[in-house]
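Listed below are the structures to be examined.
Shared between the two complexes below is subunit A, which pairs with subunit B and subunit C, respectively.
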Partner chain A sequence: MTRFMKWLGVVVVIFIAAPLVIVVPMSFSTARSLQFPPPGYGLGYYQAYFSDPSWLIPTWNSIIIATATTVLTMLLVVPATFALVRHQFRGRSIADLMMLMPLAVPSIVMAVGYYSYFGAMGIVHTHIGVVLAHTALAVPIAFLVLSANLKGFDRTLERAAMSLGASPTKTFIHVTLPILRPGLIISALFAFIHSFDETVVSIFISGRNAETLPRKMFDSIRQEADPVIAVISTLLFALVLLGLVGPRLVAALRNRRPRVQAA
Partner chain B sequence: MTGLSNMTERKNLWPWLLLTPLAVFLVVFFVVPLIDVAVMSFTEPRLTFANYERALTGTLYQKVFINTFLTAGFVTLCCLLVGYPLAYLMSVSSQRTAMLILLLVTMSFWTSFLVRTYAWMVLLGTNGPLVWLFQAVGITNPPQLLFTRFSSTLAMVHILAPYMIMNIYSVMRKIDPVLVRSAESLGARGGSLLRHVYLPLTAPGIANGCVLVFVICLGFYVTPVLLGSPREQMIAGLIGTQLDEFLAFGMGSALAMVLLVFTMVILTIYHRHFGLDKLWG
Partner chain C sequence: MSYLDLKGINKSYGQFVALNDVNLSAAKGEFVTFLGPSGSGKTTTLMIIAGFEKATTGSVEIDGRPLQGLAPHERNIGIVFQNYGLFPHKTAAENVYFPLQMRSVKRAAGLKRAEEMLELVGLRDFGHRYPKELSGGQQQRVALARALVFEPSLLLLDEPLGALDKNLREQMQIEIKRIQRALGVTTIFVTHDQTEAMSMSDRIVVFEGGRINQVAAPLDLYHKPETRFVAGFIGESNLIEAVVTDPVARTASAAHLGEVEYAPTDKAKKGQGVTLMIRPEHMRLSRNPIEGRRNAQMKVETIVNYGDNALVIGKVGDLTMRVRVLGADVVIIKENQDCCISWTPDAVYLIAK
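Now for the complex of A and B:
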């Protein structure tokens, strides 16, 4: 039984890996449309992606929208998280729960709401509309990451700074923020990724003017399955890999340096 | 005395001051749009209950609801059957192997739904590797794989499995190996080891994973729309069609409200037992 489970586990590894692996060679194919095995290898699709405004504009839109979403989300979430983690007040547990609600409501339900509501406000199919919607949806994620960090924060450090004569503001800038920095960075990164990946709401409210990359990909997959999507998939995939392995690699290199000096 | 009471008052004001910007934002850009959906479900195209009547009794809609629930249940079961052995493999592997598998799973988790859906399209496509493999083995007339219930279910299992795996692995790796060894020394083997040691100890992770996968699957839009058969829609896809093709905001809203209620019922039950913050944490 346990040996059977192990073998099943190996099969699952292949199942998880196969779709991720297959896209990469396809993106270097020279075939007109998707075809396996590729008749030859080249950079044709990459050239097509990097020279086609109908792909580059949505990419740029997504970067702008995700950046604005990240800034807005952090401006709203950081103070609120301090309030919710560090203060006792009536209604706190309800407030805590409310922060998670945007994650609990299915995206398609919000898409219906934003489509009509932003339509009435005149901001449907605009960058601002998408940023506002994405911010609402990114709040719970940024909050979860940040509150976990803040709960593990050792407050004696702040008390020590203040007992040595630092003002609350000084303590915040010189003690609290530096210690919290990794949490803040990860929280912001999650907000960025959430906006950059968000598909369902964008499909309905970004329109032609503020078209995001996921919306463009969705439309393209639905209509003609442009092989350029294999390129974007490979690039996104490389970004994820870089994001996951990158920090570990940097840490490993950093750890190695003193050893080299010692030798 | 007055100074002291002033101070406590100020202290009590602080959290509200910090909380207000976000609270106002969420009310205006989350709660109100949601209320808008609820209102539209009763007022579009005019003041009526007809949308709900059709949503709950129309044969087409009933079929879609049943299909959605069955699919979500089946996908959850498959994710469990796929996720459990993998979490087990990770927990008994060397640290290095476990790390590599975890890296693969996290990589899959962070790769956008769209990219993974597209990858399955490539894998199962008419000129894709699987058909090529079929032909290499000698099956010249392979069955239609793409745009069927099979392809959308397979892709959904692949996309949602990481949620299950991470949840189960997080509890499984905390199982004390001494416990397993002592159970083995007392004669527990294979199936009974699984039933009496592993399953009870990993139950919280299983519950978490199942609820998460089921709830996401209920409202899944992208993958069923792109990979599924147009004749076997799920709720989210149907809501999309109401908006996209018919501009039927009332009907779309009523269906959205039904989906919302189902989701909230499941999450409320979960919240009572475990606390909602644990689900995504």
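Now for the complex of A and C:
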């Protein structure tokens, strides 16, 4: 049984890693289009990516939109999560459900909806339009992550802080916030990644003005299969890896140096 | 001179009455224990004193000053919670510094004071450790240091030793008493463990179903319980239903035992239903009746050996009786044998309620 599980694990890892094994070498390819295995290796497509405005502008758009989406999402999700997790009120379960609705509706339905709705409002093909749409989609994800964290939060800690002389505000600043920080960061990261990665809605409403990176990649692969796509995929993968490993590295380094010296 | 006063406290959660007319006074520096089964209202009372719960009616006063209207952080009351409530993102020293930080003490001076406090609770050189790097007993000590460092007007401990194993528990009982005496802080200690209450307290408050059942010094509680509940809750006892037959001759009649003479009391009235309490260690076990004592025939059912002593449990008629004997004496008796138990009238304590 354990043997079977082990092999299953190996298969799953191979399955997940396979695209990387193909994409990463292709980004260093010298071929004219996507081709595996590459006939030769070079940095040509990295240079192409970093010098071509038709790639850099969508990249920049995506960064701006994802950042704005993250900020807006967190502004909505943090108070909402505290209210929904900690307080009993009429209609709470309905509010809970509404928070998660965007997860249940197919993206394409959302996209069509936004297209006609934002069209009427005159914000289709604008950054604001994309940010609003992405926020609606990121809210349930950020909410799920944060509410799981908040449910696991031991409220005795807040009572302890208050008994020790901390006002509710100071309790929030000195105790609640620092302890929830990892949850908040992960929640924000998910919101950012969701926006950065979102394709379907972007294709419908981002237009030329607010063109996002995934939309540009989609257009590109349909037209010419430009190996720059492999470059972008590799860079994104490196970034995610950094995001995952980075914090652990920092924590490991910090643990080696005790912060308070014994008197 | 009373220092802490609880006056007529009632607490209801909807229809459910969690506290029913709780009144209590404690002197400055006193160590008072709340003892009672789970759900009897001990924590609720503490939380009302601390300001986390609001009493439906009644008031709490410290040193003659009502606490009403003060938020928890304005009350200057130290609390040790059962699961310690240490801040996981702060070191032991930073945890102990926290209440000083909230009182605007500078970091350097505050951390120095925190280290001194940690030393008092026996944790010198542990200041730089995070809670997860400390054992349960050590975390307990940090929580105690943190609750005491700001010189609170009252210290509340809610079942603080519940999560510790037996040896560590006993060690911490002694530690807590030592530190409490050294600082002279008025303390309320909550427990459902009667031996813990007996060994630590100046006075014990027995809770039952949201009411205070009895308030007394540990030995008074043991020897002079006012209610059947207290008699049954504190230590082992034989509780016998009886009816007073003659208050002058001090006799009551009980099923299976007949007329039983009891110790002097002013509580008995003729014809009244009462409970007679005889502690197992106040009875003697023998093969034959002993002259000058009240004797009864008992059939031994179970012998529980504790090494230094043993508890012999058997039946007099349908009545279950427990007798404590010295470990060395237990050889004279075997299970399923008939034997004699005996006592003197002084050992029979009458409980009117």
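In this section, the second predicted complex is superposed on the first by the 226 of 263 C-alpha atoms of A that agree within 3 Å, B and C clash if a C-alpha of one lies under 4 Å from a C-alpha of the other, contacts with A are read in each partner's own complex, and residues count from 1 in each chain.
Heads up, the rule we're going with is that contacts are C-beta pairs under 8 Å (C-beta built on N, C-alpha and C of every residue); 3 or more make two chains touch, one makes a residue touch a chain.
Computed from a predicted structure; not experimentally measured.
Once the two complexes are overlaid on the shared chain, A:I173 sits clear of subunit B and of subunit C alike.
More subunit A residues lie in contact with B than with the other chain of the pair subunit B and subunit C. Looking at the shared chain after the overlay, A:L157 reaches subunit C, while subunit B stays out of its contact range.
When the two structures are aligned on the shared chain, A:S116 is found in touch with subunit B, with no touch to subunit C. Contact with subunit C, but none with subunit B, is seen for A:G165 once the two complexes are overlaid on the shared chain. In the superposition on chain A, A:A18 makes contact with subunit B only, not with subunit C. By the touch criterion defined above, A:A238 reaches neither subunit B nor subunit C. In the superposed pair of complexes, A:L34 makes contact with subunit B only, with no contact to subunit C.
The part of subunit C that touches subunit A in the complex is made up of residues 50, 52, 71-73, 75-79, 81, 83, 85-89, 91, 93-94, 98-99, 101-103, 111-112, 115, 125-128, 146-147, 150.
Those residues of subunit A lying in contact with subunit C across their complex are 154, 156-157, 159-168, 170-171, 174-175, 178-179, 258-263. On the side of subunit B, the complex with subunit A involves touching residues 11-12, 14-19, 21-23, 25-26, 29-30, 32-34, 36-37, 40, 82-86, 88-90, 92, 101, 103-108, 110-123, 125, 127-129, 131-132, 158, 161-162, 189-191, 193-194, 215, 218-219, 221-222, 225-226, 235-236, 239-240, 243, 249, 252-253, 256-257, 259-260, 263-264, 267, 271, 276-277, 280-281.
Against subunit B, in their complex, subunit A makes its touches with residues 1-2, 5-6, 8-10, 12-13, 15-20, 22-23, 26, 33-37, 75-77, 79-80, 82-84, 86-87, 89, 92, 95-118, 132-133, 135-136, 139-141, 144, 148, 193, 197, 199-200, 203-204, 214, 217-218, 221-222, 225, 229-230, 232-233, 236-237, 240-241, 243-245.
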